[in-house]
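Before we start, here is the structure in question, set down as structure tokens.
First chain written, first letter: the chains are A, B and C, and each begins at residue 1.
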Amino acid sequence: MTTSILSSLLARGAMNTDRRRDFSVILLILGALLLLPLGIGHSRYLMSVLMNCAGVAVIASGVWLTFCIGRINICQAGFALIGGYVTAILIAKAGLSFWIALPLSCLVSALCGALIGSVILKLKGIYFSMLTICLTEAIRLAFLNGGDLTQGSKGITGLPQPFAGDSALPLYYLGVTLLAVALAVVWRVHYSRLGGIFRAMRLNEDLAESFGVNVWRYRIMAFAIACALGGLGGSYFAVFTQSVYPQSFTVEHSIYYMLFCFLGGLEFVSGAMIGAFALTILFELLQDFQQYQSLIYGILMIVVMLTLPNGLMALRGFSFSLPFRKGEVK
Amino acid sequence: MSASMNPVSPSVSPGPDARIILEASGLSKRFGGLLANDDVSLSLGTQTGKVTSVIGPNGAGKSTLFKILAGAMPPSSGLVRFEGKRLGRSQNQVARAGLVRTFQETTIFPDLTPRDHVFIAHHLRAKVGPLPTIFATWGAEVEETQFRDSADAILRDLGLSDYAGEPARTLPHGMLRVLGIAMALAARPKLLLLDEPFAGMNSEEKSWASGVVRNIRGRGITVMLVEHDMRTVMALSDRVAVLSFGRKLAEGRPEDIQKNPEVIEAYLGREDDELGF
Amino acid sequence: MLQIIINGLILGSAYALIALGLTMVFSIMRVVNFAHGQMYMLGGFVMYYLYGQFGLPFWLALLFAGATLALIGVAFNRYLFQPVLATSKREESSMLMAVGTALLLENVALSLFGEKQRGVPTLIDGVLILNDGDAYLPYSNLAVAVLSIGFIVALLLFVQFTKPGRALRAVAQDKEAALLQGVNVKFITTLGFAIGAALAGIAGGLLVTLYGVNAGVGTNISTKAFIMIMIGGAGVTSGAIVGGFVLGMAEAVGYDLLPSSMTYLLIFVAMIVFLIFKPNGLFGKPWG
């Protein structure tokens, strides 16, 4: 995989200055994350802030990926919740090791995503977004009513740490690794031939179908991967906070993940990560304003919508510009 | 031409169990009160590499017939068989069976370059699945490079190399049509359906595009096109069918069609057609 | 059984009012007002303060609730939505703007009013007993239902028979054509949003007498409104009304038979299954 990422950098064409920039940003941030413990590793608090950022960035990158197929995904919190609960249940009830629970959570989230996606992905635009909001709520309710398995509103607590010992470092590096994996997957999906197909599907579905692209199948694929990333992040948070509740991931969180993508930039793979880190760290720094976090996010959303010169379509290289044919049933 | 583009000799003689490439039987299409196609039957025979054209004045029902043959619209009655089998339900199934069509409205991916277009169009030939692509296995890499090279070769053959790197929406109209053909070539279809390929072109572009169609035929791909412009079509086709008011008026070799009195009458008085006799 | 039907009808009429407000905004502006629930909540608070705390007459407080929200609607439309609608070609942009306004309203309310649940004194004391005790119908519930239906009918009459009402319908059907016919589209869109918001506020003001209100109820109401719209079909008044009653009945039946949070889980699942067969709702037009 590394060879392909490197070789894709060396490919010809003007577009690749963008790609190079994207890669540099990712490299920079990951590098910084790797080295930071040297300076601040002693501060549990700072470490946990960064771990939080990493987990959120993983989940947000799933939302970023759904933009590739032209959908605005507001149900990512639901899939993070699925990942979290699967991990918690497997560890607490089935006594499995975290290292088995983590990939399984990913898989379950992906399968749920594929299943649900096969139904809802034929909707587009606002219908799709409205449905995903309802879906997040539905998932929350499902876990609330899970009986003994999910322990209702009490949630599942007291999950053991996957690493022995007192240091936060192993868990921290796990977070950074998961982030790197998430970014690598999203990078490949976006910049490979597959990404080209997603772009084509988004720009002109009929044309893509005419040379054999099974649009329905690919949409589900993208959505399933996005949900898998959500599950991955959720699983990480389960062991990071050592607990999971029905309200661990709500509709509000779904909205925040979206906001991170907008702020970080939808053109670049690094966008979700940049947005997640920037805002999360910002709020940590402004401790006094934490109670107003939600309010400020709201204002930010408003400001972002007002200032993007062409709304979401200003985002170069992402070409949402599907000629809007009114009354078309698809 | 690069090694990956082996020209197959045109008009390969069919083997003993060759199937009829495309066969339409008794196609009719009704839109409310309008009968757009009336009992049209057509067969492309078993010989590959031929060019068949369907012509007719405006309103003859060519577009409708094209859509039915391409599997984009179901007929009200009648049947279409591609290589002896019925067409698939969805467009991507049809394409996968080997029937690729171009579009009438210049349907493109506006922000992608011609190189991207042709690259993506290789999709039908992809053997490496999505999961290996994501994990960037060696096989995926090789295939991707193969497709890129093939795309560049096709662009060169069709004379689009100069525009290869610009967003498609900046291309002149005539080039967009050829781009459509380039994409279809990338898909390596068994049958290529061209939807009014010469529409809106000036005479220079038309002669160039005709050369492109001859090029395609030279690769052993069977071509069927629906077109308005009779002059260009006559010089290019092995076989011509004429539609008028939804019915098939005549079918045969170009020189016979040109002499057919009914055909001449159908076109008489139509100013926008070039009779070309 | 009778009780369930009565509960369903009462809820249905209030929900239909909520759905109508949302559908009004959608049909005029193609905007899904995510903040609809928060506007409902604010209406409830206006009612709480004016009727509950300051003792204004009920009808006056209700009108104030509507008017306050109408004003907020006008302001949001002018300063937030019109700019977004002018520059963005995607529908989701305005929905996301609405998401931002929802967060804004909810958190302002939380700061001003705190988290506590508020209630107001019952409108009318007493209960109507039906069928020898088969069903109980508190007079306040009946009043709320009657008033809801009253407002719905008033809106339908307004849209059908008055000049601005007809202009609203024209814009909802075809903005370009309406413009060509000399309709002041800008004014009409403002009016539409104002009415939509006012309906949310009025619904909130009415329901606070039955269920009280707290600053966090917005998301819940918005989600319900979405369900109604998705079932009934967006942008169509019949869709909103039918959606409202369907949800009201579903809730009534559900709460009677199942534990409360299970009810909504089933409603969601049923809705998703329904959408497989009717992706545009019962009366909605295909819309991407």
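Definition applied: a residue touches a chain if its C-beta (ideal position, glycine included) is under 8 Å from a C-beta of that chain, and two chains touch if they have at least 3 such contacts.
Small disclaimer: the values here were computed from a predicted structure and weren't measured.
**Student:** For this structure, which two chains share the highest number of contact pairs?
**Tutor:** The chain pair with the largest number of C-beta contacts is A-C.
**Student:** If you average all the Cα positions, which chain's own average lands nearest?
**Tutor:** A
**Student:** When the C-alpha atoms of chain B and chain C are each averaged to a single point, how far apart are the two points in Å?
**Tutor:** About 53 Å, centre to centre.
**Student:** Please report how many Å separate the Cα centroid of chain A from that of chain C, as a whole number.
**Tutor:** Whole-Å distance between the two chain centres: 32.
**Student:** If you average the CA atoms of chain A and of chain B, how far apart do the two points sit, in angstrom?
**Tutor:** 42
**Student:** Spell out, as numbers or ranges, the residues of chain A touching 2 or more other chains.
**Tutor:** As it turns out, chain A has residues touching two or more other chains at 321.
**Student:** Quick one: which bits of chain A touch chain B in the complex? Just the residue numbers, please.
**Tutor:** Residue positions touching the partner: 1, 3-5, 7, 13-14, 185, 188-189, 192-194, 196-197, 199-200, 203-204, 206-215, 218, 221, 225, 317, 319, 321.
**Student:** Within their complex, state which residues of chain B touch chain A.
**Tutor:** 90-92, 95-96, 100-101, 103, 107-112, 116, 119-121, 123-124, 126, 130, 133-136, 140-141, 143-144, 147, 165, 183-184, 186-187
**Student:** Residues of chain A touching chain C in their complex?
**Tutor:** Residues in contact with chain C: 72, 116, 119-120, 122-127, 129-131, 133-135, 137-138, 141-142, 144-145, 251-252, 255, 258, 292, 294-295, 297-302, 304-306, 308-313, 320-321, 324, 327-330.
**Student:** For chain C, which residues count as touching chain A in their complex?
**Tutor:** Against chain A, chain C makes touches at 32, 80, 83-84, 87-97, 99-104, 106-108, 111, 219, 222-223, 226-227, 229-230, 234, 259, 261-262, 264-265, 268-269, 271-272, 275-276, 279-280, 285-288.
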